[in-house]
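What follows is a short report on a single structure.
Every chain is named by a letter (A, B, C and D) in the order it is written, and numbering of its residues begins at 1.
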Amino acid sequence: MRLAMIGLGKMGGNMVRRLRRGGIEVVGFDRSTEVVNQLTTESGMLAADSVANAVMQLSSPRVVWLMLPSGAPTEQQITDLATMLSPGDIVVDGGNSNYHDSQRRGAWLAERGIGFMDSGTSGGVWGLDNGYCLMVGATAEVAAVMKPVLQALAPEPDRGWAHVGPVGSGHFTKMIHNGIEYGMMQAYAEGLELLRGKEEFNLDLAQITELWRHSSVVRSWLLDLTAEALKHDQVLDNIAPVVADSGEGRWTVVEAVEQGVAAPVLTLALQMRYTSQDQIGYAHRLLSTMRNAFGGHAVTSTKGK
Amino acid sequence: MRLAMIGLGKMGGNMVRRLRRGGIEVVGFDRSTEVVNQLTTESGMLAADSVANAVMQLSSPRVVWLMLPSGAPTEQQITDLATMLSPGDIVVDGGNSNYHDSQRRGAWLAERGIGFMDSGTSGGVWGLDNGYCLMVGATAEVAAVMKPVLQALAPEPDRGWAHVGPVGSGHFTKMIHNGIEYGMMQAYAEGLELLRGKEEFNLDLAQITELWRHSSVVRSWLLDLTAEALKHDQVLDNIAPVVADSGEGRWTVVEAVEQGVAAPVLTLALQMRYTSQDQIGYAHRLLSTMRNAFGGHAVTSTKGK
Amino acid sequence: MRLAMIGLGKMGGNMVRRLRRGGIEVVGFDRSTEVVNQLTTESGMLAADSVANAVMQLSSPRVVWLMLPSGAPTEQQITDLATMLSPGDIVVDGGNSNYHDSQRRGAWLAERGIGFMDSGTSGGVWGLDNGYCLMVGATAEVAAVMKPVLQALAPEPDRGWAHVGPVGSGHFTKMIHNGIEYGMMQAYAEGLELLRGKEEFNLDLAQITELWRHSSVVRSWLLDLTAEALKHDQVLDNIAPVVADSGEGRWTVVEAVEQGVAAPVLTLALQMRYTSQDQIGYAHRLLSTMRNAFGGHAVTSTKGK
Amino acid sequence: MRLAMIGLGKMGGNMVRRLRRGGIEVVGFDRSTEVVNQLTTESGMLAADSVANAVMQLSSPRVVWLMLPSGAPTEQQITDLATMLSPGDIVVDGGNSNYHDSQRRGAWLAERGIGFMDSGTSGGVWGLDNGYCLMVGATAEVAAVMKPVLQALAPEPDRGWAHVGPVGSGHFTKMIHNGIEYGMMQAYAEGLELLRGKEEFNLDLAQITELWRHSSVVRSWLLDLTAEALKHDQVLDNIAPVVADSGEGRWTVVEAVEQGVAAPVLTLALQMRYTSQDQIGYAHRLLSTMRNAFGGHAVTSTKGK
C-alpha cells in the first residue's frame, strides 16, 4: 500500500512516521523542503517536490491524504487535485474541516468519479506512539481501500478506527468529539479552580489530580495529562489566562442551535474561552454604567491608570 | 405619624426627604453628625444623637426603620434595639437583608412582643422623586400600622407598595426582583455588545437604544437609563470592565439551587460578573495548560511581560 | 405617497390600517381574497388580485413592501418582483429575514438598479395603536424616499423609527432586539417561578408583578403585559409548557459564536425553549443510564407506564 | 487492625468485603439483621446487634467508620457515638456529608478528645474489585492511625488514597469531584444527543463510544461504562428521561457562588437535571403566555388533553 501525504506539520509528520512503522509506503510533500528532507531521512518516506510530483509517484487507485489547515488551504488543494486525479482515485481529508464542506467536496469529487474520505483524527502529539483515533466517513468501497492505512494509524488493527457513516460523518463525529472535549476540560478547570479557591484547606492540586486518577469516577486521559502537568507547576503564573478556540468547538454550538438541542455545557465551555480572549469587556463596562445610572453605584474608573 | 430612621446614607437620606414631603415626622440618626445636621436643616427632620435618643423621641407604638448595610450592622442594631423597645413597638428593616435572616429576626423579636416588617426597597437614586417600590413582609397588624409610611414612600398611595406576605417575604420578593434585574441587565449588555461587534455596520448604540424606547418589545426603565447614558458616551473607555455584585444576586442563585429550579439566566448573569472580577483567570490558565499537554498547542506565556 | 403591501397577515394587515390612518395610500395583496376584501372595505386600501396587479397600480418610484414569512416565500417574491420592477423602484422587506439574506438580496437588486430596504419591525399586535418600532437598513436615498411611510408607522413622526445603517443593518438590529427579548423574558420567567416555588409564602404573582410596575428597577413593557395576563390567570394549567422559538433567537446565538462574544444569557434563553420542546429527553436518559452504570443508582423505568 | 463499620448498604457492605480481603478485622452493624448475617457468613465480619455492641467489640483506640445517609442519620449517629467513645478514639464519616457539617462535627468531637476523619469515597459499585478512591481530611495523627485501613480500601497501598488536608477537606474534595463528574456526564450526554440528532448520518452510538475509548482525547472511565451500556441498548426507550441529583452537585454550585467563581458548566449540569425533574414547567407556561400577550402568538393549550 502506498499513499501520498500532503502537509507534514505536527499532525501530518507524525502520521507519516506511524504509517512507515506500519510498513505503509508514503510519498510526502510539504511547502517546507527541510521538513520533507528530514522525514525522508528519518522514516524512509519518499520525497515529492510538489503535489503533482507526489501524485505521479502513485499508481491506481491513487490515494492522496491531506493534512492541511481547514478552510481555504484544504479547499484549494482539493480543487487542484481534481485536475491531477482520475476516476477511481481517492482523496482523504484528515484535517479538521467543517462537515458541511466535506459533504460538498465529496459530492463534487464524486461527480468526477473521484472517491473521498473524511477522517476525523484525534490523538494529538501522543498519536505517534499511542496510535490515532480515526472517525471515518466514506462509501463502503472507499473505506475498504483505506482499511490497511487506518489499521496502521490506529492503536490496534481492530480498534481506534471506524467507518461511522457516509461522507461527512467522519468530520461530524470528530466535531462532536471536540465539543465534548471542551466541556470536559471546562468541567475539570472549574472544579480545580474551586479546590484552589478554598484557601483555608491549602490543597495540593497535583496530589488531588494524581489521587483521582485511581478508581475515581472522574478518571480520564485528560486527567492523566493534567495531573502530570500540575506536578511540574500548579501556580501557572507564567501561563497567560487566554484560551484559544478552534472551528470545531464553534461548529458544535451552531449544530446544537440548528438541531434545536439544548447543549449548555458545550456552549458555555466555548463562551468561557471567549471571555478569556476578550480584551475590552464592553458588556462589563455597560453593566457598570447601568448600575451607576439606576443606583448611583460607584463605577471603577480607568482614568489615571 | 412619626418614626425613627436609622442610617441616613444614599437610600436612607432620600427616604427621609420623601417622608417629610409626605408629612411624616422623622427622627433621624446616622453615625455622621454632619449628615444628621444637613438633613435636619434641609427637611425638618428631628435630629437624634444616638439610637437610644431617637427611640426616646417616639411615642407608642414606636416605629424604628433601619437603612443599614445588611449582615453584621443590621444584626447588631436589631439586637440592641430589642433592649430599648417594648411590646407593641415595631422594627422595620428596609435594607437588603437575606430573607432567612429576616425570618429569624422577626421570630426573635416576636418572642419579645416586638413587631417586625421587612421592606424590600427598589428605586435607587430615583426613588426620591419617583417614589420607591416597596415589597413588604409582615403580619396584617404591623402592615396596618405602617400603611401611611408606605403610602408616603411609594409613587402613589395606591400603587408601588404591597404587603406581599408574612415576615421574610418582603426581602424574598426583593431578592428575586434583583435576580431578575441581573438577568435583564446582562441581556441588554450582551445584545449591545453584539451590535457593537458588528463593525461593518458601524452602528450608533445611542441611536438604537433611544429608538427601542418607543414601541419596541424590549422597552423598559433600564433601557431608558441606558439610552440616556449612551448619549453621553458609548465608547466607555474610562469605565473599568469590572462589575460588582451584591448579596441578593448570589442569594437568588442559591435559592434556585435549593428549590431545584433551573435558573440559568439569573445564574449566568451573576457568573459573568464574577468573570469581570477575576484578576487571575486560574481556570483559563489550566485550560491553556491542558491544550498544550494533549495537543502541543502553543501556550501564551506571560514571561517577559 | 402610495405603496404596495404584499402579505396582509397579523402584522401586514395592521400595518396597512396604520398607514391608512396616516394618510398613506396602500395597494394591498394577499393570497386570501377574503383578507384583501375585508381590508379594502375597512380601511380604504386599494385591492390587488396579484402582485403584478399591485405593482401596476403604482407609479415611479414604485415601492413594494413585503410582510411575508422569512425564508423561501420572501426569497421567491423578491426574485419575482425583480422582473416587474424598474431601476429606481424600491423593495422593502419588513419581515423577520436573516440579515445575511437581506445583504445578499440588497446587492442582487442593486445590480438591477432596484433599491432595497430591510425594516426590522417590532411592536406585535400592539403596533396598530401604539405604532411600530422600525429599525431600517438602506442607502440614504432609499431611506429618504421611505421617510413618510416610516413616520406613519412609527408611534410619532420623530421617534420609534431610525435609519440605523446600510442594507442588512435593519434586520441585524431587529435580530439582536429579539435576542434581548428572549433574555428578558427568561429572566422574568425564572424569577416568577422562584416566587411561586417558595410555597410557604404563598405569594400572589399578579400582585407582585403589578407592584413591580411602579418605580421598581425591573419595570418594562413586558412586565406590564405579564402583570395583566397574571391578573386573569396565574395557575396557567391550561397553557402547555412548550415555548416556540423563531429564527431570530437562533441567529443571535450563531452571531455570538461567529463574533467570538460570550452571550450566555441570550443563549440559555434559547436553549431553555429547546428543553421545553424536547419530547424525548435523550440526554436525560443517557445520564440516568450512566448513573446506573457507575453507581448502581436506580433508573426510573418507563416500563408498564 | 480492627474497626467498626456502621451502615452496610451498597457502599458500606462492599467496603467491608474489601477490608476483609485486605486482612482488616471488621465489626459490622446495620439496621437489617439479614444484611449483618449475610456479610458475617460471607466475609468473616464480626456481627454486632447495635452500635453500642459494635463499639464494645473494639479496643483502644477504637475506630468507628460510618457509611450512613448524609444529614440527620449521620448527625444523630455521631451525637450518639460521642457518649460511647473515649478520648483518643476515632470516628470516620465515609458518606457524602456536606463539608461544613464535617468541620463542625470534627470540632465538636475534638472538644471531647475524639478524633474525626472525613473520607470522601468514590468508586461506586466498582470499588469492591477496583478499590476505592479515598479523599481524606484529618489531623496527621488520625490519618496515621487510619493508614492501613485506607491502604486496604484503595486500589493499591500507594495510590488511590490521600490525606489531602485538615478535617473537612476530604468531603470538600469529594464534593468538587462530584461537581466535575456532573459536568463530564453532561458533556457526554449533550454530545451523544447531537450525534443521534443528525439523523441523515444514522450513526451507531455504541460504535462511536467504543471507538473513542481508544486513543481519543475524550477517553475516560465514564466513557468506558457508557460504551458498555450502549452496546446493550442505545434507544433507551425504557429509561425515563429523569435524572436525580444529590447534595454534592448542589453544594458545589453554592460553593462557587460563595467563592465568587464562575462555574457555568458545573452549574448548568445540575440545572439540566432540574429540568428533567420538572413536572410542571411553570416558567415555560409563563413564556408561552408572554409571547401570546405581546405578539398574539398561538399558545398550545392543554385543554382537552
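One rule holds in what follows: contacts are C-beta pairs under 8 Å (C-beta built on N, C-alpha and C of every residue); 3 or more make two chains touch, one makes a residue touch a chain.
Keep in mind that what you see is a predicted model, and the values were worked out from it rather than measured.
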For chain B and chain D, the contact-path distance works out to 1
Any chain touching chain A and chain D at once appears in the list B, C
So the chain most remote from chain C by C-alpha centre is D
For the copies chain A and chain B, the interface residues, called same if over half of the numbers are used by both and different if under half, are same
For the C-alpha superposition of chain B onto chain C, the rotation angle in degrees, rounded to the nearest 5, equals 180
Between chain B and chain C, the Cα-mean centres are separated in Å by 34
Note: chain D sits from chain C at a C-alpha centroid distance in Å of 47
Per the C-alpha centroid definition, the whole-Å distance linking chain A and chain C comes out as 38
Each of the following residues of chain D touches two or more other chains, namely 124, 126, 186, 188, 190, 193, 217, 221-222, 256, 261-264, 268, 271-272, 275, 283, 294-295
Residue positions on chain C within touch of chain A in the complex are 217, 245, 250, 253-254, 256-258, 260-264, 267-268, 270-272, 274-275, 277-278, 283, 294-295
Chain A contacts chain B in the complex at 10, 124-126, 185-186, 188-190, 192-193, 196, 221-222, 225-226, 228-229, 236-244, 264, 268, 272-273, 275-276, 280-297, 299-303
So, in the complex, the side of chain C touching chain B is made of residues 122-124, 126-127, 130-133, 135, 137, 154-156, 159-162, 164-166, 168-169, 172-173, 176-184, 186-188, 190-191, 193-195, 197-198, 201-204, 207-208, 210-223, 252, 255-256, 259, 261-266, 268-269, 271-272
